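Two complexes come next, and they have one chain in common, subunit A, joined by subunit B in the first and subunit C in the second.
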Partner chain A sequence: MSEERRIRILYTVGAAAMTAFCLLPVAYMVLVAASRRPDIFSAGAEVRLTAGHFLDVLGTGSLHFPEYVVNGIAISGLSAILAVVLAAPAAYAVTRLDLPGRMSFLFLVLAVSMFPPVSLVSYLFRMMSALGWINTYAALVLPYTAWVLPLSLWILASHFSRIPRDLDRAALLDGCGRLAALRKVMVPVAAPGILSTAILAFIFAFNEFLFALLLTTGRNARTIPVGIALFEGLHGEIPWGMIMAAATLAVVPVVLLVLVFQRGIVAGLTRGAVRE
Partner chain B sequence: MMLTFHGISKTFVSERGEVPAVRGVDLAVREGELFVLLGPSGCGKSTVLSLAAGLLSPSSGEIRLDGELVAAPGKKVFVSPRERNVAMVFQSYALYPHLDVFGNIAFPLRVAKGKEESITAEVARAASMLGIGELLRARPGDLSGGQRQRVAIARAIVRKPRLFLLDEPLSNLDAALRSATRAELKRLQRELAVTTLYVTHDQTEAMTLGDRVALMREGSVLQVGTPRELYETPRSPFAGSFIGPSPMNLLDAVVFEEEGHLHLRIGEERVALSPKKAGEVRRLATGRVRLGLRPERMRISGDPGPPALRGIVVSAEYLGRERLVSVETAAGILTVLTDEVAPNEGDVVGLALPIETACVFRPEEGE
Partner chain C sequence: MRKDHDLRELLKGYAFLAPVCALLLAFVFVPVAGTLLDSVHRDVTFLPRRFIGLGNYRSMGSDPGFWQSLRFTGLFTLVSVPLELALGLAFALFLEHPSSARGFLRAGVLLPWAIPAAVSGRIFELIYNVQYGLANALVTGIGLSEGPVHWLGTSAGAFLALVAADAWKTTPFVAILLLAGLSAIPEDLYRQAEVDRAGPLQRFFRVTLPLLRPVFVVALLFRTIDSLRVFDLVFVLTGGGPGGSTTSLSMYGYRFFVGGDFGYGSAVSVVLFVLAFLFSLLYLRASRFGREIA
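Coming up: the complex of A and B.
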């Protein structure tokens, strides 16, 4: 066997093992969601496929699952947009302006994000109660934005620092002020980085559990992870089929988002800006 | 548009301390002229350009555009690039990759909120001036280096700037394209009659393009003059070596007076100076001097009459029309640019010294 062939086989086997390891729980989830009974691996159990769980999850009014999906998308989307809108000027300032202590500032921002969420949540609960914001979008959007802001700033700063300085210098000479240079040149050129940052922020907010559990009390602002965790079956049994069906459905928005923006993320938009 | 620098210094502060990039520069660029800043890399010429553009603010001194103060840290005056109405062509071209050629050229007009019909006309005019009218829908990524350069120039001229700044605009082009673009730039500058500040490290570019040239070194301007003045009367050995097709030969000599006439001693040779040259040398007082001899004015001769040096040919480079011959003499290795049949390596030859056109420098003047 040639060296090259051996490497290719090892490569394929390794990749397959990794993929299997990561996707097995997902496969289990989908399988349970689509089966009549959750005990598909018990001895003697037969697998009978059904769409019933999906229909139940979407159709049972008392579960409020569609509302949770809407809440999740709206809250995550707002958090992602807000985070990017706030992080982009900050990243521009950090990478382009001649500020003293830029690095210290970046590390300070990173340090702020090191606090574990659980240390903040009780204070947040008191604050949101005092404001009367419990069970509103704002109660989640603001903490989520604050939480992903340091990461967004770091990612955007690294994207911006890769854009040649001559590009925004050209914008300044072509009559832009700093903000116009950011809006008309930096943001369009860094669009792939901005999109991927926004998607990361979206996914974080979409998955977040602790804040969502404590700062919401009902279907007005409850998001999918909390909604699923609080599913109650009839007669106190755990409705595994419906839980798995809901979890499967929850994947759909994220997958769609990534698919839609994939081209924008991958495309090398800076091609031809300056001589490489 | 006139641009003046008065006592401009720029010091960069970094973690490693203060780095002076420009030290006490005085410049006066005249209306409509093409003024070249020439110097080796790191001499501060690009910093001077950024200071003129308003991308940097000086540490001290005053910059004026048409008499109007645009930067004076002492008086807390700083006019942003936007308000200066200057245009710049970058070495890297700096085209906007997300816009097509039309969008790139139209960018400054759109920022200035021009009417869309007039923008279309202006862009078409600038593009046709540079012969890129066919490329308006192409993206910068699909263009060749020369085409990108033209787009960058079109973007700079489209809004009729008061001052045109060019930062090594030709250094990324290949040799053939470079000389063609050089000629075209000159023509364009004449046509538009826009005051231009041009930065380059290439003395050929400086000599062929510049109405006047400022030679810079280590943040200071050493000499300002027409290309001819810089070539004929360099004020320092550095200027002599930097300007010209190949570096000036520099050798030690002694000036002494005998029977009322000034003489020059080079190694063992003694040369009586003509009255004209003597008058020029007398200003320097007698004693040790540095003599600068242009290789293209030296001649190789089989039987040299004085003033001459003898030496052995150590190399002869073929340059096409000419040959660059290096000869090892008692005064060091001297080079000769000759279009005559060159001697072979190892030959013993005589070198005729062009004393009448030689430059005489004080020994303490830096090289």
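Coming up: the complex of A and C.
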């Protein structure tokens, strides 16, 4: 019995250490953002709180920070919606139609997610330059959609494959077409799974860095990760307070999504990778 | 008549796949093919494009910068992935343990994963700040070091800094994968082990670890592929320095693109592509591809 007890203590201490490890850097970011000076842990430093950095970041027009936030949300939102809308029929076909070559198709899609982004980006850069799309939403939305399609397709296929076939067969017998069966049966039944798929796709697009770095040049389409990575001080010293305030504001959307949809995200990540 | 009908059904079926195929073709496969093509050309801004066969690849052989980035990428993967797997396993065990704080713990662990690597790179840049960073406050506070450590100023320091920041960011993902593997282990096996008077440690080594193996292999390969192509974190945290010692292959290729040498940059990207692809093939086998859907 005492061994069980020791194990329980081990788990409690471990869980506390794990939580500290995960949350400490986040707490540090928020604390520095809200302090007058960044040296909050130096000996003898007194911490005085302020909202000034947040107000500066939001209020300094030349930083374009609010624009980056809007760009990030709009571009990732469009990519996520597009990815799910395109992946749903494909997932339906893969799980319900007896198509020759569907396994090779899945293989091909799976391979895509393993490609290093750097092996696409120079060509994309030239393509978008030729089209005159550099620094537009389209230059990011289309590659992002393609980029999150594999993940969306697997997760949706995994959800669809768990829906009893009798359900959509009944719809087909009632005279529905395939597309109608997808829309009226599969989509409503798998709605929670579809939502979590879209959220995962959103987070992936929202956090993407390399494409955004090369395919945008300014406030019209630049997204948050690039905005924060390239945030430098105007007068020599790095304005840590402002950078951390911008970082804090930037992660608000993803943090909210994680807090609200934690279950769906965990399930989606697992289905995308392991397919138990 | 019947055959015609079947063919029409088949075509309709493929129409469901067509949009995905079109998008992947236009924005993934064609660009990769383009990169492959660029890699066998001399393609430098303002100079005429010329086919040079394997010339770029040959130059790579005698390019110390390339070898340095290959070595860094390999070493980074070799150190960070096992560390993340070990930590991830511990996290998964803590997360699986019944607790009233379960939801909170899971959300907390997901946070580092959800935060963009570019942002976490900035946070760690501040953590490693020489004058007032958290790392130096901790290290000097405990008495491990007398004076402040120049974390990002030395090759070894920058390497460790990257490994730690990467572990923070990606361990949660490993933990989530392994957690799924843990929950899939039938409760009966543990009960049986208990009947056999196996202690907790024995249960862990005889039941948990062997049954977790397939998921473990998937996590290992997934993380390996991801680690080989590391870019964001390096770009933000060390910029590849000091002295190019932490330049990853992705970053090395990127440098040439920005510098206008598309041919050589593409060749570097192709090397990385091939490396990642080899591990992808292993991954596909390990994950018993498509078994559930088929």
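Heads up, the rule we're going with is that the second predicted complex is superposed on the first by the 243 of 276 C-alpha atoms of A that agree within 3 Å, B and C clash if a C-alpha of one lies under 4 Å from a C-alpha of the other, contacts with A are read in each partner's own complex, and residues count from 1 in each chain.
Here is the rule we use: a residue touches a chain if its C-beta (ideal position, glycine included) is under 8 Å from a C-beta of that chain, and two chains touch if they have at least 3 such contacts.
Since this is a predicted model, take the numbers as computed values, not measurements.
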*When the two structures are overlaid on chain A, which partner does A:143 contact: first (subunit B), second (subunit C), both, or neither?*
second
*Should A:191 be classified as contacting the first partner (subunit B), the second (subunit C), both, or neither?*
first
*asked:* Quick check on the superposed pair: does A:166 touch subunit B, subunit C, both, or neither? Answer first, second, both or neither.
replied: first
_Winner by number of subunit A residues touched, once subunit B and subunit C are compared_ = C
*Go through the superposed model and pick first if A:127 touches only subunit B, second if only subunit C, both, or neither.*
second
*Look at A:70 in the shared chain and tell me whether it touches subunit B only, subunit C only, both, or neither; answer first, second, both or neither.*
neither
*Following superposition on chain A, which residues of subunit A contact subunit B and also contact subunit C?*
269-270, 273-275
*What does subunit A use to touch subunit B in their complex?*
164, 166-167, 169-177, 180, 184-185, 188-189, 191, 269-275
*In the complex formed with subunit C, which residues of subunit A make contact?*
3-4, 7, 11, 14-15, 18-19, 21-26, 28-29, 32, 38-42, 45, 86-87, 89-90, 92-95, 97, 99-100, 102-103, 105-112, 114-127, 142-143, 145-147, 149, 153, 157-158, 161, 178, 203, 206-207, 209-210, 213-214, 224-226, 228-229, 231, 240, 243-244, 247, 250-251, 254-255, 257-259, 262, 265-266, 269-270, 273-276
*How about subunit B: which of its residues touch subunit A in the complex?*
53-55, 80-82, 86-88, 90-98, 107-108, 111-112, 139-143, 145, 148, 155, 159, 172
*What does subunit C use to touch subunit A in their complex?*
10, 12-14, 16-17, 19-21, 23-24, 26-32, 34-35, 38, 90-91, 93-95, 97, 99, 101, 103, 105-112, 114-124, 126-127, 129, 131-132, 134, 137, 168, 172-173, 176-177, 179-181, 184, 199-200, 215, 218-219, 222, 225, 228-229, 231-232, 235-236, 249-250, 253-254, 257-258, 262, 265-266, 269-270, 272-273, 276-277, 279-280, 283-284, 287, 289-294
